[in-house]
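Next come two complexes built around subunit A: one with subunit B, the other with subunit C.
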Partner chain A sequence: MTMNLRVTPASRHGRARSRTGQLFVTPYVLFLLAVFAVPLGYTVWISFHRFYFTAPGTHVDSPWVGLSNYRDVFTDPVVGRAFLNIVIFLVINVPLTVVLSLVLASALNAKIRFRAFFRAAYYLPYITASVALVAVWQFLFGSDGFVNHLLGSHAPDPSWLVNSDLAMPMIAFFVTWKQLGFFVMLYLAALQNVGKELYEAASVDGAGRVRQFLSVTVPGVRPATTLVVIYAVITGANLFSEPYLLTGGGGPDHASASPVLLMYQKGIEQGHPDFAAALGVVLVGFVLVISLAARKLTERGN
Partner chain B sequence: MSGSLRTPDTAAARRRPARRRALQYTVLSLGAVAFLFPFYYMIVGSLRATTTGDLSSAVPSGLTGDSYTAVNGAISLGRSLLNSGIMTIGVLLCTLVFGLLAGYALAQLHFRGRGTLFASLLLVQMVPFQLLMLPLYVLVVRDYGLGDNYLGMILPFAVNSTAVFLFRQFFLQMPQSLFEAARIDGAGELRILLRIALPMARPAVLTALLLTFIGPWNEFLWPFLVTKDADMQPLAVSLASFLSNLQGTVANPTGALLAGACVLAAPAVALFLLFQRHFTSTDIDSGVKG
Partner chain C sequence: MLRRTAYSLLVLALAGTATACGKAAPDPAEAATARGPIKIWLSNNAQEVAWGKDMVAAWNRSHPKERVTAQQIPAGKTSEEAISASIIAGTSACLVFNTAPASVPTFEKQNGLVALSDFPDGNAYIEKRGGGLTGQYRSADGKFHQLPWKSNPVMILYNKKIFRKAGLDPEHPKLATYSQFLETSRRLVRSGAAKAAIWPAPSSEFFQSWNDFYPAFAAQSGGKQLVEDGKPQFDSSAGRQVASFWRQLYAQKLAPQEAYPGDALNDGKAAMATVGPWAVSAYKDSVDIGVVPVPTADGTGGTYSFSDEKSAAMFSSCENRATAWDVLKFATSVEQDGRFLDATGQMPMREDLTGRYADFFARKPTYKAFARQAERVVEVPNVPGSVDIWQAFRDEWTKSVVFGRQSTDEGLRKASAEITDLLQEYGDPS
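Entry: the complex of A and B
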């Protein structure tokens, strides 16, 4: 590096800043490696081996078993049911979230009194712990709960959370309700970017309120809608507390089980981490495929 | 929207905004009831002597703090709150220190691998944490022996990537001349970050703290995996174990459960209401956009 001699003060500065930059990001890079890269690689490794939990410091062989764990995952009917449950979740959650949050955001976007109050009200479930809200929902929708008292003889039998047709939809409704405030805020921000002149042009062309909403607002917030869908897929893939707590361990008879719940039950409760790892890898693939498909779908005609 | 105000000035057209306003308030109020009723029910239920599911239980009467005493006896609220607090503060501190450093470097410093790092930051925000739970559990609990340990609870959340992103966006928006001037005066980068960038970044720091707070405070799955010892469990975990198997131990189990839920919900809700005006939709938008 004889070039060093001709380095001007400014670029020597630049090199120092480069070193400082690397120094500054080192903890974050280490964190990303330790918490994302290594575990991700480790899951894949475990999924191809027969793997046992061991106490710290002890060593047990983990023989290579090829695709055997994957075969177990694909032939397990409960796994199929869990993935079907995510599809049920998405079919209910996505349209409901998009429609409700767009309607609420549009109403909030006008000059309106008590705006801060409404915003806070919608946001409250989002910032509250699932565990706390699950406790209330169990109470509201339990067999002897408030909703059934309200419905009287119209109450479903078996009740909401223990009914195999209703358990998964209940989880979808719960999550929709809990997350809606976040998406209302997201759409509210997106609505700021829809040009006022578009509405004026549409109204000059004689478009009514509904028509304006459909041909100006809806296309105008399309990027936000794509985000809602991708978030819904990630949420669906992550479902754990709700099936575990709200429907008592994914019941009745796995009707509300989720893949992550199965990963917990098979991997940690029953001690088959290799099965759970293979399930995790399948789940990542599932998330990628659905996200890409959803993206294609929402961005079509853009 | 404003377009309809310009339609011909007939009586019908003048009436339309009023009708629309009524519709808007109806929609918003219906929404607010649907969102707030469970919270109202949670508070009233936690304060009644007997909490049952019938309709009269939505009416506050004969209020008592017995349920709070009962749930405190079953899961020791103070200890659980302390654990939640330690976990949350640990996460907040790490996010603040390491996140500010990384955010500043990504915005202001040129170094090799900056592009790659930024790309992986965006990618990481898309990876569902739960998918990594099993290998993390094996590594943290089995290999490092960090089960029932605060470090083990904090580790997976130590640096919040959304916060790093938020800091970067903020430092990018600040006038470049300010940094250049400080550099010409011979200030080091750490000094510039602490003395110039940080004081101006107060709103971003506040938003990041609020966004980060609800994560570890409300988190259930990870601490549930890591803590077996009841004395180490954060409130979300001990309340969940009360929900699934300790309810029989108290006289008014539903009331006790709702009391615990109120205690768990209160800090996050209070912080949010306190700082609500700093917490705008645009912040959320930029925090999410990636």
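Entry: the complex of A and C
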């Protein structure tokens, strides 16, 4: 069977526009391939070989080892601890981030005094370097820090950041505080799209502020909530500088180690890029699964 | 047409990237006899940099066609990471005067080092200069891939002012035995003279054991390395005594479990530190220091300590290796070693330092103890998988000794088993 397609002036025009569009996106596609697809493919390749970085121009065998690196990753108790740490982090950080940022954004969306000041104040930690914020946190929660001075004999022993039960929650609270301004901004933008007439209608129906918040605001910003949750999950899965700086490279007995921190330690410090690559691939899968689950959860009922 | 253009661009981009990454290494046979300008890297210690610049100026005056350019090692978390990255990129200097022996097996594995034994007079020069101490620096293949250059034998430095404040005699401190050390530490902390008696980093980085466990183990065991003859040595009476001693320091809050974000001795937060002679000049204006050997259980040992040695090494990216070898010998000559000692207080890896450089030790007697200690130092074992081995040890140390989450005996036993596995794994790459 043959089909006779007639090329009309309109479709010719559309094809030309399409070519122009392709031309414009080509540099970005090339950029994506060079900095994302190629390294990702190379990482997957490394993860199936015995591999280490060598001086250029020297030949070293990189034999195929199948799933050996993955077996090492899955049987390493430190890796298991790092993923458990991430789960602890997400359980604390994600709900706290969503609730706090939505409540604060709703408050900052109202006509209150010093609104600009408060918006800037919440955003400030997000744009400040982690190293500087870590110094503040250590001043507060170090064993000789301000909080322990206040608590006196009630201070935890070992102290907050070297306590294997408290180290990871402390990091989760730290990151929540640091990132809050960014998520507040996201919600503030989303709140501009919630129609005022919905609040008016709810008010006419007798809904109070809490009911309006639950029945109008929360559903109205659901797409933003999905974005916030996925972004928070990705941030959590990519934790590096906080455990590295705040708890001295992974905390007591790896109590605050993260998979990315382990990738750095194994791949760079200990010279096992093959193990680090396999761990990276596993982490990508972990993030995908968690993100998809979070999306399903937040978009439920749409 | 457009699609073909896009594909062509993509191929060009990837080929360009690959070419840029794949800098060719110099031919080893040609490079071995080649002469010409070279680059060297120095550590970022101010005194060392000053010595390095003077040494380079002296060389350049008499070798205008083989000019040496010196700079500090590029910034990184550690020198070893910066050097490792430069090996991979093919950008390392010809000579690096700050190579940690623990990283040498890794650098070898990366094909990053030139075997100094391959120079006709390589072995003879290294052995003559270093004497009996050089044997620890041979690699598994029997060759020298590093020239043992300088040591910083670890001893106990203490702040006399803090000792005085605690009512202790700063000229005759009781620090020789474990029980004396613990009693002195308790008095230092409980008197409020210092927050900590001693404050080594309790964190999990593989190299931190060189500041707490290893000097004490070298002293207690009479000079054993972590691994000897392919077997871990620390799951022994000496190792258990050392671990128990440090566990008591942490459990009694005499050593904090949290890392200090700075120099605790210099800041007056700790009364003592385990450091090498480099610290004498670093602290001279801020701390009135005293020096004693690392303690042992009964105070009768104490003859050995960890060397905290740094080597000089030649890297495979070097194109003018004949010049580099001559510069290496010039920089480690008797005269330059004397200048280095004078400028930095660090000990060149030579025998009979006090006899050879008598003038220096007469002028600066504080360094005599370090010079004597430098003749009895223990190096990290030069075995494949060295970093992994130290990391395995450190993980169990922090768990058992620093945080007391398992017994110290169990920690040492587990570390020994893990290291035995690693030694077998690295010994049998198949």
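Before moving on, here are some points about what is shown:
Definition applied: the second predicted complex is superposed on the first by the 272 of 302 C-alpha atoms of A that agree within 3 Å, B and C clash if a C-alpha of one lies under 4 Å from a C-alpha of the other, contacts with A are read in each partner's own complex, and residues count from 1 in each chain.
Rule of thumb we're sticking to: a residue touches a chain if its C-beta (ideal position, glycine included) is under 8 Å from a C-beta of that chain, and two chains touch if they have at least 3 such contacts.
Every value quoted in this text rests on a predicted model; they were computed, and no experiment measured them.
In the superposition on chain A, A:A277 contacts subunit B only, with no contact to subunit C. Contacts of A:I230 after superposition: subunit B is touched, whereas subunit C is not reached.
After superposition on the shared chain, subunit A has more residues touched by B, the comparison being subunit B against subunit C. In the superposed pair of complexes, A:P156 makes contact with neither subunit B nor subunit C. Look at A:V60: by the touch rule set out above, it reaches subunit C but stays clear of subunit B.
With both structures placed on the common chain, the touch criterion links A:P252 to subunit C but leaves subunit B unconnected. Once chain A of one complex is fitted onto chain A of the other, the partner contacts of A:S203 are limited to subunit B, with no touch recorded for subunit C.
Of the two partner chains, neither subunit B nor subunit C is touched by A:P169. In the superposition on chain A, A:G220 makes contact with neither subunit B nor subunit C. The residues of subunit A shared by its contacts with subunit B and with subunit C are 19, 22, 29, 34, 38, 53-57, 135, 138, 142, 144, 248, 268. Across the interface of their complex, subunit B is touched by residues 13-14, 17-22, 24-25, 27-29, 31-32, 34-36, 38-40, 42-43, 46, 53-57, 100, 103-104, 107-110, 112, 114, 116-125, 127-140, 142, 144-146, 148-150, 177, 180-182, 185-186, 188-190, 192, 196, 199-200, 202-204, 209, 212, 227, 230, 234, 237-238, 240-241, 245, 248, 260, 263-264, 267-268, 273, 276-277, 280, 283-284, 287 of subunit A. For subunit A in complex with subunit C, the touching residues are 19, 22-23, 26, 29-30, 33-34, 38, 52-58, 60, 78, 135, 138, 142-144, 158-159, 161-162, 164, 248-254, 265, 268-272. By the touch criterion given at the top, residues 1-4, 6-7, 20-21, 24-25, 27-28, 31-32, 34-36, 38-39, 41-42, 45, 51-55, 57-58, 97-99, 101-102, 104-106, 109-114, 117, 120-121, 124, 126-139, 142-145, 155-156, 158-159, 164, 183, 188-190, 214, 217-218, 220-221, 225, 236, 239-240, 243-244, 254, 257-258, 260-262, 264-265, 268-269, 272-273, 276-277, 281-282, 284-285, 288-289 of subunit B touch subunit A in their complex. Considering their complex, residues 2, 5-6, 9-10, 13-14, 17, 21-25, 81, 84, 87-90, 106, 109-112, 195, 201-206, 256-259, 261, 316-317, 387-388, 391, 395, 398-399, 402-403, 405 of subunit C touch subunit A.
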